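One chain, chain A, links the two complexes that follow: it is found with chain B in the first and with chain C in the second.
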Partner chain A sequence: MAQRSGPGQAALPRRGEMRRKNVRIAYLTILPVIVILLAVKAYPIIATIYRSFTNWNGLYQNDFVGLANYKEFFGSGLFMVLFKNNLVLLLSVPLQVIIGLIVAVLLYEHVPGWKAFRAIYYIPQIISLVILGYLFKSMFSLDGPVNQVLESLGLGHLAKEWLADGSTALPIMVGCITWYSIGWQTIVILGGMSSIDPCVFEAARLDGANFFQRTFKIVLPMITSVITYCIVMAVVWTFTSLFSLIYSMTGGGPGYETMTLDYMIYEKSFVTGSQLGMACTISVVLFVIIMIITAAEMKLSNMAEKKWG
Partner chain B sequence: MKSKMKKVVALLLVAALLLGTITMLSGCSKKADDNTLTIWINGKDSYIGPSEQKLSQEDWYISQAIQRFEDANPGVTVELVVSADGETAHQTFKADAMAGTAPDLANLWTGQNIFSMEDVILDISDLIPEEDLENISGWDSVTSPATGAILGYPTSDNQICFFIYNKQIISECGLDFDNNPPRTIDEFNAACQTILDNGYTPIASDESFPWFGCYIVNYWWVQQSGYDRILSDCDGTTTFADDAGLISALEYYRSTIENGYLNADAVTSADSWNKFCQGTVAMMPQVSSVVSDAEDALGAENVGVMLPPDFDGAQITDQTIGGPGQCLVVSKDCKNPELAVKFLSFLNSRDEVLRFLEVQSKVPTRTDITAEDLGLAADSATAKLFDWSDQIVYWVDNSLYSTVVGDYYNLLPLVLAGKMTPVEFAEDLDGCVTAG
Partner chain C sequence: MGLTVMAKQHNPTQKFWRTFGRVVIFIILLILAISFLYPLYYMLINSLKSLSGYYVDPFGLPSEKLQWQNFATMISQFKILKLFGNSFIISFFTVLGLVAFGTVASFSFAKVDFKGKGGVYMAILATLFVPAQVTMIPMYISFAKVGLVDSYFGVILAYWAMFLPETIMLMTANFKSIPNELIEAATIDGCGYFGRLRNVVMPMGWPAISLSIIFFFICSWNDLFTPMVLLKSMDKRTVMVALSSLIGRYTGDPPYQYAGLLMSAIPALAVYAVFQKSIVKGMSMGAIK
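Entry: the complex of A and B
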């Protein structure tokens, strides 16, 4: 019941006024953050979309060219080459999530030496991707340790210039990314597993569930949202953050055999005569691809959660 | 008490924010002084040599030259800003120019790199003293072909391309490149085969970025096709696929790896220069700025240089690729262009260039400095480079249009690897011209 102010009583604001005041304060409170987000996130995105329809060269050449950049990018066949490379590198995502899950369950169950293993598995994560790239480049060079080991095992005929061919360089990159990311996946999954009641594990063990049954039939369904997060982050990271690794390992070559969409944004911007309009076009394409894949993953995850959860 | 503390902390934060903003804004408006020049110099392979990077900034040649200029011009200040790398400097310069905060002077690359930035670089044609135009070479590298505007001063050094060789290995193989260098492709092949038969790698190069391609193969291209043909290929008047000089040069490029003359891992290797300095390979395509490093590693008596061999019937012979790869430009934001050009003229004066050459062994763009002026032995590698300074054809890759240069750099290693034929490569470049 609404209070009414009578004679001699201090006038109290009515509920509606209070609500409006609270709403005003709430908006004012978040206003600075909204302004900052609009300035540093929304403006660059809108500007990039606009520039993708221009022949911007980084300076004053900024003519509207309609869909010409998109037609050129998709028509030249370059998109398919780069996208195919991105898809191959995405193979690291299931590998890193599955291995991360297995390692996380092993650590959760306190296998002997689990504390040391927890640190060891995380070590690659703290190495710079540039260093990692050079490390793998040396390992797989013609005179590198991998070929030397093959030769010492009498398998010299298998020795080759691994990074000179996309068909071998890309799988090596997949291995490198997987090795690098297992630690992060393990830590995140371990965090998610902390919400599982230990009694569930105990009961499963008493019922005779083996390690893989416990991992894939108990843990996996109970942390679907964490796994979704791991997959989405790994996919986005694979699409947008491999530049330094590729730069140091192969430079995107030979040709475009190991180049990805995000690497091509750099190429068009800074290497091939400042085709920044085209670089914006590729950025928009990459943005759309990530949005579609992420949305699909979320949808699948919701379906899985409904089914199991 | 706690809430009072919170208020104090909040006030301090706001004050720090305001102070930061004011400092930033005052920094932006600092350029107003007409007697202050700001100059960006690349941190490596520029006016700052490899040996200087180990010294403190005041001991660098460029810092001391600035000091001498300031002493000679009381009231003038030159502020030196060191850019981490040349590639980034171009983008940063553009961004600053768009924002109206570009430095007065910047160290950029010549050719298409600056021609594409004509909107923000000042045409200094009318400000350059006649004496400089006469005594400095390399003006073509900074003169816009479209407008004829001179967009900067070439830096004091010519980069000249050549084969650097290990005299000891060459001698062991029974060859004498000092007195009888291979001058035709057939002679060159015979020499490489002899070196190979003696158990050495004849040529080493890291071609994930096609250095051999840019230093030597481009010379074989331009010597057969001529510059006009290359430019007409770029603008689509003619086609790369029909350019016999390009196809012939690329076929030979590919043959070097097929015949075992070039290191087998050239497409991915990154240690060719180390191998040369360790004395395990006979030759390497290189540029003048590395000669002193090679002499330090192998001893001056073991380092030789030779011009690339010539194709039979070529239009251009006994020359090589080169020219000033870098320049100093004046931005359109510069408040005092006369002073900026005066400083550039000072840096390129005979006295200053002689001082510069005491620090870095390079071939100067000044034509009135000779090897004798520097006391170089007549048979030394650097003295030979002096002799070749008037035998250079300007960098072909710096002249390629932006529409084709990306594929040119990226796909050339595929030709070397045998994954793309020279004709397919040329057709791809034609595709870039059509799309561009």
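Entry: the complex of A and C
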């Protein structure tokens, strides 16, 4: 006993010392991340909020104007124009989630080659939205292939510059975004479905449930948390990540017909160049909208978990 | 007895409908797959056509001599290989930093108890949903003050800030599943902090690390907004920035445009072709968007 306690006692302080050393190293390891995020994320957010109350133009003009930018942004109707475009683009979210769910259920049947199909569906996500945007643009241009098909079908009178017309540009973009996102939705939903017991499907099939009953009455309720995740990611993504697509397809035009909140920040600050204060105001509004969506998501997914487990 | 007979009678028709259903599903999936591959095919066939060939029939295969000079011009005039080099430098160092900062920090978050861990971790994740546009203006102004505008490092630093939260979320979740016993065993064998990192965490957490490498390489390769705002001089531009100005100048020559678009897409697609399995597997966990 005495012999045993010897090394044990000697080891104890060594252990404590090592723990302290580990903690010291742990602080050192997270330090670079904290410094980078403070300098390039946290500080700019605070600066953006402060500047949103000024008439800053990037040069000499930087006076505190209170809520004037916000009043102008909401009062002039600009907010509603941009927000309406954002909302139209959001129509893509239900489309991509429903199609993604159906495709995931089809892939779940594990027909020959389903793994190859799954890999192919993800390809659009690998190609830059800049490239896809220009591709779509040339397809829908006046002498592009879409109009050629229309002419060959005898519908030549319908041919037009599709993206130069606000009433067609936005719906076309909704279609493109949906097409682009199906692969991601499918793979994530399919990943969520892998936790469902295969017996459930077999039982449903034996009970005579058809494809749509199986999809929407059995699969859907069992993966609500995955679906909420998919919806929220897609909504936030649609609000924040469409810059490349809008830039290459329409540049926000014609007029403001395809201009969204996030694109307007770029337009006000780096194109027209002088309204940095206003651009910061729009940034804050966009930021608040995204915060609300994320908070709502957390509430919803908690509710969903309570209801369906 | 009766039951078996009935089952035997039912089986062929049931089997037929089962097979029929699977054939229908296969056809639907195939059509969908073609719709996702078609744009690549479309760019390829049209990039090899002459201008008149394109306007006569944009859907058919090239009927005349293949116009390889569209690609040759891309390389000789547009210097697309130099642009690939620029993009590669930025993507490479972005990923290098993400892995260097990400693995050590995630190891600490996953396996070391220290004061304030939960709070710091939540604060890092909270920056996940901050869009790039929101921080760009003050960032640009401060970068201009310290000479980071028009430098590769400025773009790389911006990407680190943009992608580190996701990297850490992904890696920490993965590192947590490494058994503590393995780490303790390495400690007993005399491994220090970085020894444990190299001998246990790196090999065990490789799925998360490799997914971060591939995914964020592709992300930074494809991005337009950050390099377009931060890089000014022509010889530093990334391929996506250069492409966007090129396309604007050659709206009258779609085959030439398609050659550029296709070539710019190839590097990311090649990375995907090689690492497709680990990307799909990582995505299935719903790890990143």
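What we mean here is this: the second predicted complex is superposed on the first by the 244 of 309 C-alpha atoms of A that agree within 3 Å, B and C clash if a C-alpha of one lies under 4 Å from a C-alpha of the other, contacts with A are read in each partner's own complex, and residues count from 1 in each chain.
One rule holds for everything that comes next: a residue touches a chain if its C-beta (ideal position, glycine included) is under 8 Å from a C-beta of that chain, and two chains touch if they have at least 3 such contacts.
It should be emphasised that the depicted structure is a prediction, and the values quoted were computed from it without experimental measurement.
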Practice item. Quick one: classify A:I120 as touching chain B (first), chain C (second), both or neither. Key: second
Review point. Chain A residues in contact: does chain B have more, or chain C?
Key: C
**Study point:** First (chain B), second (chain C), both or neither touched by A:L142
**Key:** first
Review point. Looking at the overlay, what does A:E161 touch: chain B (first), chain C (second), both, or neither?
Key: first
Check your understanding: After lining up the shared chain so the two structures overlap, which partner does A:T178 touch, if you call chain B first and chain C second: first, second, both or neither?
Key -> neither
**Study point:** Partner chain in contact with A:Y229 - chain B first, chain C second, else both or neither
**Key:** second
Check your understanding: Is A:E72 in contact with chain B, with chain C, with both, or with neither (first, second, both, neither)?
Key -> first
Exercise for review: Could you look at A:N57 and tell me whether it touches chain B, chain C, both or neither (first, second, both, neither)?
Suggested key: first
Practice item. Have a look at where A:P112 lands relative to chain B and chain C in the superposition and call it first, second, both or neither. Key: second
Practice item. Quick one: classify A:G252 as touching chain B (first), chain C (second), both or neither. Key: first
Revision key, fill the gap. Going through chain A, the residues touched by chain B and also by chain C turn out to be 58, 143, 269-270
**Study point:** chain A residues touching chain B - in the complex, by the definition given at the top
**Key:** 57-61, 72, 75-76, 137, 141-143, 161, 163-165, 250-256, 259, 267-275
Point to revise | Partner chain A, residues of chain B touching it in the complex | key: 87-88, 90-91, 94-95, 97-98, 112, 116-117, 119-120, 208-209, 264-265, 267-270, 401-403, 405-407, 409-411, 413-414, 417, 419-420, 431, 435
Check your understanding: In the complex formed with chain C, which residues of chain A make contact?
Key -> 18, 21-23, 25-27, 29-30, 32-34, 36-37, 39-45, 47-48, 51, 58, 103, 106-107, 109, 111-114, 116-124, 126-132, 134-135, 138, 143-145, 148, 179, 182-184, 187-188, 190-192, 194, 226, 229, 233, 236-237, 239-241, 243-244, 247-248, 262, 265-266, 269-270, 276, 279-280, 283-284, 286-287, 290-291, 294
Study note, to complete from the structure: Given the complex, residues on chain C that touch chain A span 21-22, 25-26, 28-30, 32-33, 35-37, 39-40, 42-43, 55, 58-59, 101-102, 104-105, 107-109, 112-115, 120, 124, 127, 129-139, 141-142, 157-158, 160-161, 164-165, 168, 187, 193, 218, 221-225, 229, 240, 243-244, 247, 254, 257-258, 261, 264-265, 268-269, 271-272, 276, 279-280, 283-286, 289
